[in-house]
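Note that the chains take the letters A, B, C and D in the order they are written out, and that residue 1 is the start of every chain.
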Amino acid sequence: MQVIIEQLINGLTIGSFYALIALGYSMVYGVLKLINFAHGDFFTLGSYIGYTILVFGSALVTSHFGLWGGLIAATMVAAISLAIVGILVERSAYRPIYASGRLPAVVSALGASILLQNAIMVIWGPRYQAYPASLIPNIHLHLGGIHITLLQLVILIMSLCLLGILYYVIQKTTFGAAIRATALDRDTAALMGINFNTVILFIFTIGPALGAVTGVMVGSYYRQISFTMGWNYGLKAFTATILGGIGNLPGAMFGGLILGVLEMLGCAYISAAWKDVFVFLILILVLIFRPTGLFGETIAEKV
Amino acid sequence: MKNNTSFKSVRKLTTDKIWLLVVLVLFFVYPFMVSNYYIDVAFFFGIYALLGLSLNIVLGEVGLFDLGHAAFYAIGAYTTAILNTRFGIPIIVLLPVSAFAAGLFAYVVCSPVIHLKGDYLCIVTIGMGEIVRLALLNNPFDLTGGPNGVFGIDFPSFGIFEIDSSIKFYFLIWVVVALGIIGLIQLQHSRIGRAWNCIREDEIAAEANGIDVRYYKLLAFVLGAALAGVAGNIYASKLMIVSPESFSFMESCMLFCIVLIGGMGSIPGVVIGAAAISLFPEIFRPFAMYRMLIFGLVMILMMIFRPGGIWPRKRGVI
Amino acid sequence: MNQNRNEIVLQTQHLTKKFGGLTAVGQMDLKVHRGEIISLIGPNGAGKTTVFNVVTGIYKPDAGNVIFNGENIQGKKPHQIVAKGIARTFQNIRLFPNMTCLENIMAGQHCRGTAGVCASIFRTFGQKQEERRIKEISENCLRQIGLEKYKDELAKNVSYGNQKMLEIGRALATHPKLLVLDEPSSGLNPRESEDLIDFLKDLVKEDLTILIIEHDMKVVMGISDWVTVMDEGRKIAEGPPDKIYSDPLVIEAYLGKEEDDMEL
Amino acid sequence: MKNSKLMRVLMIMGVVVLSLVLTGPSVVGAKEPLVIGLQAPITGPWAYEGQMAKQSCEIAAQLINQKGGILGGRMIEVRVVDDEGQPKTGALAATKLVGQKDVVAVVSTYGSSVCEPASNIYEKFKKVNIGYGVTAVRLTQRNMKYFFRTCGRDDSQGEFFAKVAKERFNAKRIAIMHDNTAFGKGLAEDTKRGLKQMIDSGKTQIVYYDAITPGEKDFHVLLTELRESKPDLWYFTGYYAEAALLVNQAREIGIKFPFVGGNAAINDEFVKIAGLSVAKGCFMTNEPLPSDLPSTEAKEFLKAYKDKFGEIPSSPWPVYAADALNVIAHAVNESGSTDADVLSDYLRNKANGVPGVTGPIGFTEQGDREGVPFYLYVVDAQGRIVVSK
């Protein structure tokens, strides 16, 4: 019985990372209907910047504030720098293409992803980088016989808090309503006085920043980062967003968590090699019976 | 031919004729002037042209968002590899067989999901692509050889005439591509091509005007898959080994870029797109580390300045 | 009461369609007779377009069935219904914008052609012949609706009025027995409305039945042989146009109860 | 009008073909230096391995040239071709090198599924090619005339692991985990064959056999399953990146049984990522590491490498690439000719005990490296990888 709980926690931990990335992903995707392949690389860039801060800049920070201070400082710097990178990518790669439809934007996003991925490789080198073990708090806990590290618990709690905050901002505040309105129908929202540029500014700072935070979390939790990891996480985030239903931010969150648990079930009860096949089969089955995702509302096509 | 050909169109016809001659001459002369390496580069350009044309049916003509097309390419290649190495069936016989296998696979997989719209269909095709790749990797029933793939595939041979050198493969692939182009042009100007374009323009209106949308979407997928299967067959026989790495999600993305950069629904555009995607990495080989960096940048710039593609399709006079 | 009218072409029996809790159409019985122009009128939200979409197979009804030429077509797919002989237009124009006007008309011919993939690729004799036939019929159709000079113009570049006519032309190209028009005159100026009325009138002479949803009373009066009135998903009256025009129930449905002194 | 579209298509193909012709440089190699080709994954997922192989070959050539080169003073030049660790680009790279007539022989490549298509091309165009990072057994079962390899084979490592499991660990319940790559799965399959004899005698059993997905980060779920299967010994045949994650996360969920890695699983990167506290006590079955190579050539090579690049190669494969170059140079010098048939005959029959960085070099009839010793390594308290007793 204990093992099942432990596996569930493992599944939820993976799921919380997917949820966070999916959230950043579906902020851009929901509003612009743009499959932002570059989001996976925002995540990677965030973890690399976090790594650099931790290794070089944090000597002074950790001496003052201890290990946790270093980690928080790294996360902050990564988030801010990714917010800037997000805006730059939006201005250069996406803004000129809004007018020419969705498919060219996909190719441009792919181009941006390849560009970012190789830029990271050129700057930080092709080798795997490792978050230094000494800088990461490593405390093991035994809650009722279940093996869990403090870091795993902190990350689980932090991601749930971030999800909660963003859920509140998106669902309950007026600015959140503006974002949701733009997601549903950009032109009408603009007619209602919602300034499209501020919405874009918001989603292209919060989205990538969230990716960066997740990047630092993944880096500190697994302590190993590579310049190609963004591609897998990006694909998983896109899957989670679709599973939850396009343009539905809470849906993306739950989609991510469900994806994590599905992967756990596939890996534990079928076989580790076939787990991704299992996950994609479930996704396709869901879409056959609910063509707009789990939480996506089926909007009847008005004829 | 149009009877009242004005002077301008007559002149245009003759220049086209000259250009065709120049191209054909070049096509025949090229392999004898360059080293094997550049013949093989032209061969892989041909493979990507054929794959681009096959995806163009689904993405360019009907507008279905297919990011898992490499799965059909893999089915074609593996059908050829397994049947040839296990049962010794000659490659040429396997050409139609792998086209049929890929087409059948497309029909079986796409039937339950063909009603999905836009991005939902996209993620299903991505899922299908990943399932095929992972299944090949995990070697079910010891059939696909797992990560080592299937090796020892023979060369295609018509009785005594065996295609084993780069030059022969060069002519084989480009003859198949030329046949594909002619077939697709005929389809484009036929009742079926029009039906596909109607579906791309407005699905509801197409259905309400007597076009069986479901049938024609499936037809596009089956034909696209069959053509990709042919490309898989020729690729397998050229490389003599097939392994799952060649059919990754990135490969499907590259095919997607070929159709978009070339020009959706435009056959000459897709061929140029294939040239861009397959020749670019080779020409920029000396830049090594920075090669892919420039490649990503070019993709962005291309979409900013030519969103419609290098040679977009013009709705011409019929 | 329907004295000298010929046999029924289309009939709906207790047709019901619900969207969630809302009953858009409840127990609707509609009868359309051959060779006539029937108008279906009623205030906004009366369920006219919903009846339309159920008859043409876009929506599946919750209850009741649709009989066309004696055959129950309820539950059939729209393209099968078109093949049976019901062609339609849409309230807001749904042409194929990036295709030429001729191609739009040829699209209508699609269900009448038979050329398959092989025939198209190898250009068999039958296929070439069929293509030529389709092209000729389409060009005649364009000439019939007066748009042949826009033959190679993209549909989206043509004026709104012409787009309306083009959509009707496309529907006609499917050789229908029953033409179903959804507010054909909306957005047309008076002169274009008159042309439309004359055009529809001589269409009927060629053994074609027309069912129209319409708001413009002048067009309804000018054109219909029979009028059916709907309100809140139910049929409240039907009969020849002049009788309907003065029917108190109809006026009440349109203008609400209190104003008694409504000047006509 | 219809065929004008067809003409335009062919016209464009002509322009593209034309541009290709112009860019085809005609290679005029200087007559004097003796060119040895190196095909390696300079970019792509294995870029790190490729670059180390390139540096190793440059050092090997530099050492030979310092001693006056071969064939009476001809200097050795290394010409590098990148195959990105992909089968398709592997074939292209091979065709490129084969086309250059001045390339005498080729040190070709890392990764069995990339080497496969490349060696077919080298065989067809009669070019001696020596694999340095390809351990799949089947590569030398194709009775090829021009293919050799300086690294060991999976099956020899599999048998070594079986010996270690019996004598050193006396393990009854063994768990084998691979990563679904050509190398990882090959070694896992050969280890299962190596253990067959012990399994049949009922002494041991394989309680866990599964694969991770390369590129993944989180293995907690899989490791919990592993823990539940209660093995005494855990053998992971994948690469060091995933090995570090696995060992780290295994300790997190309370796994105590010993970890043994395949020959690509443990290097100083592994120690850095896993952290010293976790890496301490991990074992590895591996060919002799450069630092443990007894021969004088090894010391000389490592010193030159360290002087030029600041650190010695962190995995065994680059050193095999250097030895491949050494044995080619030696064969050319001894046989006095650059003809492929002469070279291949020399390597197959006359080359035994050729002094090399990884010890004496000789080849079996099929082209495998003779007598590749395997050692059991362990990470000691200071994080150094040393031969375990």
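As a working rule, contacts are C-beta pairs under 8 Å (C-beta built on N, C-alpha and C of every residue); 3 or more make two chains touch, one makes a residue touch a chain.
Just so it is clear, the structure is predicted and the values come from calculations on it, not from any experiment.
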Third chains touching both chain D and chain A: B
Far-end chain from chain B, centres as C-alpha averages: C
Inter-centroid spacing, chain D versus chain B (mean Cα positions, whole Å): 34
Chain centre separation in whole Å, for chain C relative to chain A (CA means): 50
Chain A and chain B, separation of their C-alpha mean positions in angstrom: 33
Whole-Å gap between the CA centroids of chain C and chain D: 73
Residues of chain B engaged with two or more neighbouring chains: 137-138, 204, 289, 292, 317
Residues of chain D touching at least two other chains: 43, 180, 211
Per-residue overlap in chain A, given as positions that touch at least 2 other chains: 121, 273, 276, 303
Residue ranges of chain A touching chain D (in the complex, touch as defined): 3, 6-7, 10-11, 13-14, 17, 121, 126-128, 130, 133-134, 138, 140, 147, 149, 152, 218, 222-224, 226, 228-229, 232, 263-264, 267-268, 271-273, 275-276
Residues of chain D touching chain A in the complex: 43, 45, 47-48, 51, 180, 210-213, 215-218, 220-222, 224-225, 228, 241, 244-245, 248, 252-254, 269, 272-278
Residue ranges of chain B touching chain D (in the complex, touch as defined): 1-2, 9, 12-13, 16-17, 19-20, 22-24, 26-27, 30, 33-38, 40-42, 44-45, 137-138, 146-149, 151-152, 164, 166, 178, 181-182, 185, 189, 238-241, 243, 245-246, 267-268, 271-272, 275, 279, 282-283, 285, 288-289, 291-292, 311, 316-317
Residues on chain B engaged by chain C in the complex (per definition of touch): 183, 186-187, 190-195, 197-198, 201-202, 204-213, 219, 223, 315, 317-318
Residues of chain D touching chain B in the complex: 1-2, 4-14, 16-18, 20-21, 23-24, 42-43, 82, 86-88, 91-92, 95-96, 98-99, 112-113, 116-117, 120, 124, 136, 138, 142, 180-182, 184-186, 211
